[in-house]
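These notes concern the structure reproduced below.
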Amino acid sequence: MSHTYVLVHGAWHTGQEMEAVAHELRACGHTVHCPTLAGNRVGDDRSTCGLADAVASLVAYVESAQLERVRLVGHSYGGMVISGAAEALLPRLSRLVYVNAFVPLPGECLNDMVPPHYKALFDALAAENDNAVMLPFPIWREAFINDGDMEVAQAAYVRLKPHPYRTFTEPSAITRPIAELAVGKSYVNCVLDTALPASLPWHPRLSERLGLFRYVESAGSHEAWFTEPAALARAIERAGRC
Amino acid sequence: MSHTYVLVHGAWHTGQEMEAVAHELRACGHTVHCPTLAGNRVGDDRSTCGLADAVASLVAYVESAQLERVRLVGHSYGGMVISGAAEALLPRLSRLVYVNAFVPLPGECLNDMVPPHYKALFDALAAENDNAVMLPFPIWREAFINDGDMEVAQAAYVRLKPHPYRTFTEPSAITRPIAELAVGKSYVNCVLDTALPASLPWHPRLSERLGLFRYVESAGSHEAWFTEPAALARAIERAGRC
Amino acid sequence: MSHTYVLVHGAWHTGQEMEAVAHELRACGHTVHCPTLAGNRVGDDRSTCGLADAVASLVAYVESAQLERVRLVGHSYGGMVISGAAEALLPRLSRLVYVNAFVPLPGECLNDMVPPHYKALFDALAAENDNAVMLPFPIWREAFINDGDMEVAQAAYVRLKPHPYRTFTEPSAITRPIAELAVGKSYVNCVLDTALPASLPWHPRLSERLGLFRYVESAGSHEAWFTEPAALARAIERAGRC
């Protein structure tokens, strides 16, 4: 069965970093799109671009490509964006798939779901860099890509780009919980993910905000997109199938 | 080493649905029984049959077959039944094995251990159907057999039968915690099981009621009996061995 | 890349019980030391030997062998010892690796981190045996080596030695949290470990005391050193690499 997937990247990433997983999904016969969100494109103004801009860019992408029966997959920050786009795109969606992704409640911003020490760190970084933030390499290496070796960790890190911090601080414009949307929901949990601490976890803290949802596990860390693309593609396929 | 296993099915199931795992255990040289409990047999009165009836039917089965050194394995609701039968069968038991199963405290009924939204759903379904409940397919598909594809999910669902709701509402007649019974205990946890939410989980919430127990993991969802019979049989064997 | 590992055993064990994993690491080209701590050697006075003695013996071992760029690995109680030795050995360390190990806060003893029923048990055993404690076989078999068969469980048990209880009751002499030490930290979690109950777990309860740390999982129980040496060695290598 051939399905249509739209893979929505996380902070610091672009659609390019989704391509290894997209390649695995295409090899199974699926059609896969990897758009880069507003705020993460070359030339975007990272000091002003916010969550609503990113959401609008995703809605525009799916509508202009006239995609139907879409499996809309969000990774990490991408969960904020697919959540924001879901209501407008509802007639075009078959399922929402969150991959260690944020699931906001109405009025919440991404920073409302992270540990205080991350928020403090990002605040300081944004203040120093015209409201764009980078993730320090030691955090990336130990807590985001803990399953990779140093070579993989460095090769992936040099591809990251400064991220517009307003997308972390601007509240989601959703007006009702994602659980109430009339579409299937799945949550993929990479079991070595420590980008959020295990005491304030992705799953079940955020996954259970989906109401009735399908739970799928995958090998790998938060950056399984680099370290475990084949396993992650299989997990996304199990999450996205009927 | 050849052992005797009695596999006790969960709600909506019969002994027939245990046969795929039983087949794997028999292939390792074990003797395996898969009785169908009172309340789940063809012709049983699902409006009146309760937990005590199911327990009595299991005790009668093991005694009339004169089984000895039994590994008594309960799945889900089956945990209520093996718990209720354990004291009467104690001289015949080598070990109690719970597979994502309920472990009651004295005086508790199954509904005391499930999330409020399940209880509300079951109450409504029972009121409509002469006190017999079926599990709605969307819950089955997403939360019980999340690791299967749609074909497997549907094929398994059509085998389910309405379940006598009194078995969920009648308190267990056990007079002391299972932890105090002088027999070994094991808990098998299928790692993709989301039939209970991860925030109100099988393990460790219910497993630790066993006191000193042996923990074993298996691949698969709550319905690994359909989706992962070989892995589940290996896990049950590790749980049941000396 | 060849690294230097020092594997620090847990309670009841000696360096000998680390050798199966050490063998696997040496096969990958690493240099591995498995010292036996003061208190666990033949002839040591188990009624008086305490945590400070064990820590001093580890510091002396590493210094007298003039080891550099050490991956210092502690298992279980060994986490108390590597924590106590870390500041003195800091210039010689590349990384601290905890394997289902205790991570004390300043002033804490091991017993401060275990369930009350373990402390009560150990108190009673120590009172009967001149302040040396043994682990009762049923607890060993069900909760420590739950993934082994009876033959493996018994063969490993007969190698255990009475352990000096003062090492469990003497507070750690560390003066600041391990998180503040300027060295990398990793935590290896064997997923079937039930030596501590899952409701009072190794991870994340103790692992997150490391601050920024690298999380790695391994197959096996608390005694994966006996049951899963190859998998555990691979996990320690992922934990110890740059």
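Read from first to last, the chains carry the letters A, B and C; within each, the first residue is number 1.
Operating definition for what follows: a contact is a pair of C-beta atoms (placed from the backbone, for glycine too) under 8 Å apart; a residue touches a chain by one contact, two chains touch by 3 or more.
This is a predicted model, so every value here is computed, not measured.
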Report same or different for the subunit A and subunit B interface, where same means the shared residue numbers exceed half of all residue numbers found there. different
Would you kindly give the rotation angle relating subunit B to subunit C, two copies of one sequence, based on a CA superposition and rounded to a multiple of 5 degrees? 120
Could you state the distance in Å from the CA-based centre of subunit A to that of subunit B? 38
For subunit B, write out the residues touching at least two other chains, lowest number first. none
Under the stated contact criterion, what part of subunit C meets subunit B in this complex? 138-139, 141-143, 146-147, 149-150, 191-192, 194, 197-199
Quick check on the complex: what are the subunit B residues that touch subunit C? 184, 203-205, 207-208, 212-217, 238, 241-242
